[in-house]
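These notes open a run of structures that come right after.
Next come two complexes built around subunit A: one with subunit B, the other with subunit C.
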Partner chain A sequence: MAFVASRPEPTLPAPVAAAGVLGWLRQNLFSSPINTLVTIIVLYAIYRIVDPLISWAFINAVWTGTSADACPDGHGACWAFVRARFRQIVYGDYPLDQLWRINVLYAIFAGGLVALMYPRTPGRKWVGLFMLTGFPVVAFLLLVGGVFGLRFVGTNNWGGLMLTLVVAVTAIVGSIPLGLILALGRRSEMKAIRSVSTAFIELWRGVPLIAVLFMASALFPLFTPEGVNFDKLVRTLLAFAIFSSAFMAEVFRGGLQAIPRGQYEAAKSLGIGYWKMMGYVILPQAIRHVIPALVNTCIGIFKETTLVLVIGLTDLLGVIQLGLSDTDWIGGGHIYASGYLFAGLAFWAFTFGMSRYSIHLERHSVSGKNQALQTL
Partner chain B sequence: MAVETTDDRVRNTSFVFWSSSKYRTKFYEVLVLGLLFASLYWIINNVVTNLNRLGIRTGFGFLKQEAGFDIGQTLVTYNEASSYGSAVLVALLNTVLMSLLAIVFATIIGFVVGVSRLSSNWLLSRAATAYVEIFRNMPLLLQIFFWYFAVLRALPVPRQSIAFFDTIYINNRGIYAPSPVFEPGFGIVIAALVMALGVAIALRRWARVRQSRTGQPFPVLVTSLIIIIGLLLVSAAVAGFPLSWQVPALKGFNYTGGFSVIPELVAMVVALSIYHASFVAEIVRGGVLSVRRGQVEAARAMGLRPGQIMREVIVPQALRVIIPPLSNQYLNLAKSSALAAAIAYPDLMHVLGGAVLAQTGQPIEVMTIVMGTYLAISLLIALFMNWYNRRSSLVER
Partner chain C sequence: MNEAQGAAMIEIRDVHKWFGDFHVLKNINLTVAKGERIVICGPSGSGKSTLIRCINRLEAHQQGNIIVDGIELTDNLKQIDAIRSEVGMVFQDFNLFPHLTVLENLVLAPHLVRRMPRAEAEEIAMNYLGRVRIPDQANKYPGQLSGGQQQRVAIARSLCMSPKIMLFDEVTSALDPEMVKEVLDVMIGLADEGMTMLVVTHEMGFARTVANRVIFMDLGQIIEENEPRAFFEAPQHERTRNFLEQILSH
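Up next, the complex of A and B:
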């Protein structure tokens, strides 16, 4: 009698060589002779880079000390330098007994950001509104002082991470509305406004930021009537915001161009005016399109804040550069390397965080939840 | 009711020119232009008053005067007796040299890393990703400082230079390498090189025509290389190898003779290349990913080899996507080269914003030159890349 199967045979497991860790290794690292060779070369390169790096940064590193004498040889990092300068790195030269003011701001800033990033925060809109309007005012009053019994602290005492964040946040928050206006101007149907906006944008985009900052710091008094002058930091912030707005404008223009004509025509045929059409129909769609580019521009601005050290402001990198030229810390290249590595990690943490967040936003907006829009 | 509202509207439009969008836009345009000219007038007026008040000279006459300062790296003849004009030229050439070198290296590194990120080898693609994420997310100025202060300035002094084969020396004053000395008879070699290049170009054209007519490919690259190298060797042998090397030698406190590169230039080129390569890598990756899978599958189905698929199918299509953002990146690189002023590499920003400005005391003119030159550089790169972009997009039918 013939054999009749009453139920399907159980499937066999995949061969050992194609499944599990071994299979993964074979497929991803050793699929062909060339691939194997590449794997071995890359492994060797990683070994040659990571091994000395670990022994330099951890095993041979010097962690304590008050001057360059503590780390005489270049075989290990000099973290003692970073520790000795840590207060300046975080607070600049802010008066010691007033540091709580910066701490409060750091706390509000961090809290606000976390609340904004977490999609289910109650009253997220209000938090966003506060961060855009109330927070700058609070920050200004707390940092400058001179009111409510707070001691006045001049901007020459500002520095470190605090100054970096002040420059970055002002430039970003200031350049977004200005950039939006410029982008609308460049897309305008009025010829004069269009050419003025285009010329303004291209002029700023064509020159290096360092030249602009140089002008703001050295030439600004020439442009204003006699006796009228602003604080150097204010001039820098102004220059930064205007310069960045040209780049923001190009980002927004990209978004505006991506909106099909039909959207404009539909809005116009409904009899909606220009500003309402932009505010309710075009911009909400356009901004959603450009969120990744917007975040990238913000990352760029954040990195470029380091340029303020060229005109003598001591931001995070400036404080470290200043510390390295201190006679106490004159030493080999390893002290420089330690300082820069630490500064690099600090900047990296911010920028990498921002880029990850932008990727996260992008994924969510693609899934059609309008998540990206809500965050704005 | 309806009639009344219509009447209202008619009455309103009859005497308010507002309601006509034609007049309204004209009004806005006049308003904006008026504000613009008013503020420009205000600024220029302020500048003129301030310049008069401070007794600052105006005009570009200083360009013909003697500069009186030396520059650390000069590509054309320049000394302290040269004019400010030639100082500007020297600085411009330094900027161009640095930018061009960095563009070349950033492109090479960027293409390698970008393609590596797409490799099927897990380790390689992860390593490339790590490269991009590390260098893209750190400020350029910090990287410049790192290479300059932590690496190059920390090298040993000239007496303890690191030597390679006793011909190339590296120390904290720079890199010293042998320079070629052309002896009489070298003209023959150059003539041979020109001839070989001509033959190679003709060969390429012929091969292309033949392939489009008969479908027969011809190994142009290998043949051209053989012709060029062969002709060079033969001509050099005929002329009796008319080339010798001047090896740098330690004299006094530093090496003299040969070819030297100042550490500022090395730091700038290294930092600019590595930083911008991470962006180029992303652009390249995006470009290659934009070529649809079907293209590769179709090419494979036609029996093309992997190398051919890359050369004939993927690269031409990817380039079209890559070039516009790549040109933008080159622009960024040229502009960010102005950061060289921070480590005192004698570029436009450093020479003009430093010595020239301090000596002439004419900030408006000096900054006009700086800004104008960078604008011109940006424009030139944009024009060139637009031309190239048009040429490469012509591949499309």
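Up next, the complex of A and C:
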């Protein structure tokens, strides 16, 4: 016999899950004797690791001093080393009286990024345009100098965080448009364009970055005509941007493949041409699909910039490495550990920032808001 | 352009098309006059979609001529885009742009293709949203609408380009039964205003009341063509009779 409703049922609120921190703890960590035992063992293990780490990094650490003598064995971390080297870490070997030029760039860079991340910045579009076109020019003129009464500073004096950012930003900003074009090329209906794009991507993707860098620094000059002399840094930047674009291209291709054929057909049937169809219909959707992979690639590129070490450029990690081989600082393992820990934390701070921003972007796009038409 | 009374909006002459070795359209001949409403029916896979997709060159034919509003379809990309902006098309699965609001979906093409100022394009868009009876959904995203509403938005999106011809490819097949009527009503309204329409559909009620001519396709050929009353009451061909029996029997 079937059950048939004999009266209208009342509409009830959904049952609530166990409330509060205590409820969560009880349910997840102490729900049974065995669970409780495991929780206690794990907490003890964490304590045994964290306690000495805190003693080493803070309580027993050495904060001041000018040489390795300040950090004898038996003490904790040697932050004195990082402090003594801090100027090189941030500015490289840039002339002391010219540091303001880098400071100005740091300020514009940070200000621009914050303005771009905040969705309600007035004139956000123009800020973005400036950061992509004006800023690189300003940065180039300020850093190199030799014009407007600015003293010329050769790239052999560049280093530290400044160099890391120059390489990373150039590689990332350069590889995104190049990668997009390659991805579109690889999906082109014209066979010649498709083959060239595919060959380019597969070639650069298959070579180790270290080999590319060695080629850029050692092999490349052999092939350029007499008298033409590219700066080593310029060659490195080109190599990085091109190498990274192959990976970007594959990220974008993944996004393009996720767009159903009907989207192309709808756009075409409205008379929208290829480039506008890509710019307004296909890419906004495709890029949204690949934000996590895109940021993943950016983080990878950022960390790979440390490889410039092998061709004699001293980026943030390179400066610390150089400092550790300074005779003043030859000493115990604490100095080494402190230097590399600091380098790791510095890189982590940047990449973690990127990761958080990507999460923010995803949320933002899930909520469905889109600026594509507002730029019309 | 040919503006004479009864002049051909679409002329299809001796058209053949192959997908690889598969001969999908065989010797198609069809002339559609201005304001004519043609319903195309036939079994699945008979080439109905391919035929109407050739008219705005989503598919390219390999033999014969297709002339739309006086312009012959060739590889000339400029001409193709020009024809596409005058030929609206509505698809079975709507194909709205999911990252844009309903209003933005409607404004996009007039703005990009016709370079219409945004305010003017929005005014026209709101006007068409009113005609398909969903002006209150303008700021929603397509994913927030029902299938019937999405399909009406898709029709309005095409109309915003002021097309001279509208192509409909099984536009009610993906809809729940209770939404079919709201979409058909919009199409009947368009027909009443004199739009030139090619409609692939199995809605035989619609064919009976709206079409000037009904075309039956099978295996890539036009087998039968007649005005609706004769088509339904006295089909000439065995295959047409079988097909009609099948779709009318339930």
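The criterion applied here is as follows: the second predicted complex is superposed on the first by the 341 of 376 C-alpha atoms of A that agree within 3 Å, B and C clash if a C-alpha of one lies under 4 Å from a C-alpha of the other, contacts with A are read in each partner's own complex, and residues count from 1 in each chain.
Everything below uses one rule, namely that a contact is a pair of C-beta atoms (placed from the backbone, for glycine too) under 8 Å apart; a residue touches a chain by one contact, two chains touch by 3 or more.
Nothing here was measured: the structure is a model prediction, and the numbers come from that model.
With both structures placed on the common chain, the touch criterion links A:280 to subunit C but leaves subunit B unconnected. Look at A:324: by the touch rule set out above, it reaches subunit B but stays clear of subunit C. After overlaying the two complexes on the shared chain, residue contacts for A:6 are found with neither subunit B nor subunit C. In the superposition on chain A, contact is made by A:28 with subunit B only, not with subunit C.
Ranked by how many residues of subunit A each touches, subunit B and subunit C are led by B.
Once the two complexes are laid over each other on the shared chain, residue contacts for A:272 go to subunit C alone; subunit B is not touched. Once the two complexes are laid over each other on the shared chain, residue contacts for A:352 go to subunit B alone; subunit C is not touched.
The contact surfaces that subunit B and subunit C form on subunit A in the two complexes do not overlap at any residue. On the subunit C side of its complex with subunit A, the touching residues are 56, 58, 77, 81-82, 84-89, 91, 93, 95-100, 104, 107-109, 111-113, 118, 141, 143, 154, 157-158, 161.
By the touch criterion given at the top, residues 260, 262-263, 265-273, 276, 280-281, 284-285, 288, 368, 370, 372-373, 376 of subunit A touch subunit C in their complex. Touching subunit A in their complex are the following residues of subunit B: 25, 28-30, 32-33, 36, 43, 46-47, 49-51, 53, 119-124, 127, 133-134, 137-143, 145-146, 149-151, 153-154, 335-339, 341-342, 349, 353, 357, 363-364, 367, 370-371, 374-375, 378-379. Across the complex, subunit A meets subunit B through its residues 28-29, 31, 35, 38-39, 42-43, 45-46, 74, 189-193, 196, 203, 205-211, 214-215, 218-219, 221-226, 299, 303-307, 309-310, 317, 321, 324, 332-334, 336-337, 340-341, 343-344, 347-348, 351-352, 355.
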